[in-house]
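Letters A, B and C mark the chains as written, and numbering starts fresh at 1 in each.
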Amino acid sequence: MGPAVRVAGLRKSFRVRERAPGLLGAFRSLLSATTREVVAVDALSFQIAAGERVAFIGPNGAGKSTTLKVLSGILHPTAGDVEVLGLVPWRDRREVALRIGTVFGQRSQLWSHLPAGDTFDLLAYVYDQDPATHRRRRAELADVFGIGPLLTKPVRQLSLGERMRCELVASLLHAPRVLFLDEPTIGLDVSAKAAIRDLVRRRADEDGCAVILTSHDTGDMERVCDRAIVIHRGRLLLDEPVHSLRRFIRRKVVTLATAEPDVVLDLPGLTIVERAPHRTVIEVDVTVTPVEAVVHAALAVTRLNDLSVEDPPMEEIVAAIYASADAGGAAVKP
Amino acid sequence: MSARTTVRFAIALLGTNLRATFALRGAFWLQAGFMFVNDVIFFTTWWIFFRRWDEIGGWRLQEMTILYGVVAGAYGTANVLWGGVRDLSRVIADGGLDTFLTQPKDPLLHVMGSKSIASGWGDVVAAAFLLGVAGCLAPSMLPLTIFVVACSAIVIAATGVLIHSSAFWADDLDTLPRQVSEFVLIFSSYPQTVYGPWLRLVLFTVIPAGFIGYLPVEVLRAFSWRDAAFLGGGAALYATAAVVVFRAGMRRYASGNRTGLMA
Amino acid sequence: MTRPALATYARIAASSARQSIAQRTTLVGRCALYVLILVVFSRIWQTVGGDAAAGGPGAKEMLWYLAVTEWIVIALPLTHLAIEADVRSGDIAYHLARPVPYVGVRLAEAAGDLSVRLVSLGVTGVVAAWFLAGGLPDDPRGLVLALPLGVLAGAVGVLFHAAIGLSSFWLQDAGSVYFVWQKLMFVLGGMILPLAVYPAWLRAAAEWTPFAAMLSGPGRLAFAPDVGVAATSAALLVLWLAVAAAIVVFFNRRGARVLDVNGG
C-alpha cells in the first residue's frame, strides 16, 4: 500500500490586495489592483504512511491550516505535488472526500436543532453508504464512543465534550482512510480532553486510519500521535518521533495547593511565579531539577490538597526548537 | 456522481432540513402564521386599488391576484427548499464553504439545501389562498400553475446565488446581497405592464423580474406554448448561469486569494 | 430629566448618528430602495393618470404623496431588533442595572439613526420625486409643512418599535409581530394609496389608528397644503406620541418584573 499522504515541495502563496482606504480606493483597486504576495507554505515535503498518527504543530500563522486545507482539497497549491491516498485532492476532490474524514474544532457538521442521529442518517446519503453497512458502522461507533444515550437529544443541548464525541463519530462513519483533526479538544475540560484523545487513538488503531492532527495543546500531540511535524513560517522545522520532542520542553509549571499556608522549597532551578496563602506556583527548569523531586520536597514539608503540572505553551516549545535550529542543532533538517 | 445518488441525497437533505425547521415548533407556527397574515394584509392594498381603478396597462385585480400568488408561492418555495441561499454571501465570506468542500456532494446543492426558512410556509399557504381565489388551482389549471411557480422559484434561487456569489470576488459586502435580492423581488411583485421596451429588456435580463412575476402571470391568464417555453428556458438559463458563476467563484475560493482567507 | 442626563442622551444620539453615516453600504442601499419604489410607482401612476379621472390628485401629486409616506416608512430605524436581541440573550438584566435607563439609551440611539435617515432619504426623495414626477407639486408649500410632521411621525414610529422590541419579554418572536405591524402600517396608514380612495368603512377604521396619523397625515399635505390640516395632523401625532410613550413605559416596568421573577 502506498503512503496515506505524500507532499513534495508544496508551496502556497496568497496574493493580498493592498488598497487605498474608502470607496474611491475600492474602485481604484478594481481597475488596477496592487497586490503583494504572502507565502504561507514553502518547500514543504513529507510523507505519512497508512495508519500513522502525526501531529502537525507550529505557532499561529505557521501554515498549519493552509497545509491542511490543501490536503483536504479546499485549496489549490501554488506549486508542488500533493497526493492523498494516491489521489490529487484539488483535482479529485470528490474521490478524496469519500476517503477522508475531517473535524474542524471550530465548525460543527452536526445540525444543532436535531439529534446527532439525524445528521448520521443524512451522512449515509452524503457518502453513498448502503443502509446495512451504515447501521453496523454506526452502532459500533456509538458503542465505542459511548454516545448511545445522546443520539436522541438535540445537539445544542449536549455538552461540548459530548458534542465533540458526536463530531468524531460523524467524521468516522464512512470509515475514512485519513482523518484530519483541527484543534479537536479546543475548549474542553481536562477529563473530556483525555476521553477524546484515548478514543481517537484507539479507533484510528482499529481502523488502520492515518491521523493528521493540529493543536495548540501539547497533550493532544503526546497522547494521540507518534510523530510530530513542526512547521514554522511555512517551512519544515522538524520531523521526528513525539517522545524526542520532550527534550525541548525545558520547564514545567507546577501549582501546589498546600495544607500549610506557606511553603518554601530549597531546590535549584525553581522560580516562584506566584505565592499566596496555601497556594504556590513554581516554574521548574526540568534540566536542573525533575518535577518528581519538587513534589517530593513539597511532601516533606506539607500535605498537598491539590497539584497540577502544566507544559509550557506550544509557542515556547517551538521557540526552543527554533533557537536550537539557529544554533545549528543536529535535530533539525534543512 | 450518478444522478440517482444525487437525487437521493437531495431528498435526504430536504428531509433533515424540514425536521430541523419543525423541531422549533413554537417559532415555526409563529413565523409561518405571521407571514401568511402579512401577505394577506399587504394584498388588500391591491384590492382597494382596483375598486378605484379598473386596470393598470391591461392588468386587473384577477392578474394582480395571480401575480401576488405566484411570487409569494415561488419565494416561499425557494425559502423552504433552498433557504441556504439567503446567507450564502456570509457563508462564503466566513470560510463556511470549507465544511461542504471536504464532503463528496456538490457544494452548491449542499449549501443551498442546508437551511430551510419557516416563514416560507406562510408564503406558500398565502399563495395557495390567492391562487385558489383566482381559480388557478382548478384541476385543469393546477399542472400549469405548479409549472410556473416552480420556474419562478428557480429563477429567484438562481438570482440569489448569482447575487451572493459576488462575495467570492468582493469583501465587506455586509447586507448588500440581501438588499439587492429584495429589490429584485420588489420589481417582481408590482405590475410590469407599465414599462417601456428598454426597461422591459432590463426586467428579462439584469433584473429577472420578468421571469419571476410577469411571464408566469401571462402564461396562466392567456396560455401560449411560446410564453411557456420562454419561461422554462429562462429558468434553465438562470439556473445554468448560477451554477457556472458559483463554480468560477469556487475556483477563486480554492486559490485562496480572496482577501481575509489567509490562515 | 436632569441636565446631565439630557447631555448623556445627546451624546449617545450623536455617536449613533455617526455610526449610521459610517455604514455607507446600508445607507446607500436604503436610498436606492426608496428610489426604486418611486420609479415603480411613477410608471404606475403615469399609466393610470393618478386619480384625476375621479376628480382627485393627478399622477404628479400621487407620486409626491408616496415620496412623503415612504420617506417616513424607510426612515424608521429597526429599534425592536436591538431590544429583542438584548431580551433574548438576557443581557438586558445587566443594562437595566446601569445608571442610564436602558430604554432611554436605545431611544437615544434610534433618534440619532432616525435623523441621519430622515436627512439622507429626504434629500434623495426630493431629487428623485422631482425628476420622476416631472416637477414639484402645484403648491409646494405642503412639502414644507410635511417636514416637521415627518419628524414627529418618525418619533412615534420609533416609540412603537421600542414597544414591539419590549414585547419579546412575553412573545417568542417579536420579529414576526413587527412584520405584521409594518404591513398594517402600509395598509391602514395609506402608504401607497391616499385614504380618500379607500372604502368608507375601512377609511373610518384607519383614521382611528396611529398609522393614518403617521403616514396619511403628512402625506396628504403633498396635494392639500392646508395649515389647518397640518395642525390637526400634528395634534393627532402628539396624542399618539403620548400613547406610545405610555405603552413603552408600561412594558418596560412589566418587563423588569418578568426579569425579577425569572431571575434574569
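By our rule, a contact is a pair of C-beta atoms (placed from the backbone, for glycine too) under 8 Å apart; a residue touches a chain by one contact, two chains touch by 3 or more.
Keep in mind the model is a prediction, meaning the values are calculated, not measured.
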| item | value |
| --- | --- |
| Most widely separated chain from subunit A, with each centre as the mean of CA atoms | C |
| Chain with minimal offset from the mean of all protein Cα atoms | B |
| Between subunit A and subunit C, centroid-to-centroid distance (C-alpha), Å | 53 |
| Centre-to-centre distance between subunit B and subunit A (centres being mean Cα positions), rounded to whole Å | 41 |
| Chain centre separation (subunit B, subunit C; CA means) in Å | 29 |
| List of subunit A residues in touch with subunit B within their complex | 12, 14-17, 38, 40, 65-66, 69, 72-76, 90, 93-95, 97-98, 100, 102, 104, 107, 109, 111, 113-114, 118-119, 121-122, 124-128, 154, 180 |
| Contacting residues of subunit B [partner subunit A, same complex] | 1, 5, 8-9, 12-13, 16, 19-20, 23-24, 96, 98-99, 101-105, 110, 254-257, 259, 261-263 |
| Subunit B residues touching subunit C - in the complex, by the definition given at the top | 26-27, 30-31, 33-35, 37-38, 41-42, 44-45, 48-49, 51-53, 55-57, 119, 172-176, 179-180, 182-183, 186-187, 190-191, 193-195, 199 |
| Residues of subunit C touching subunit B in the complex | 23, 25-26, 29, 32-33, 36-37, 40, 43-44, 46-48, 51, 54, 171-173, 176-177, 179-180, 183-184, 186-187, 192-193, 197-199, 202 |
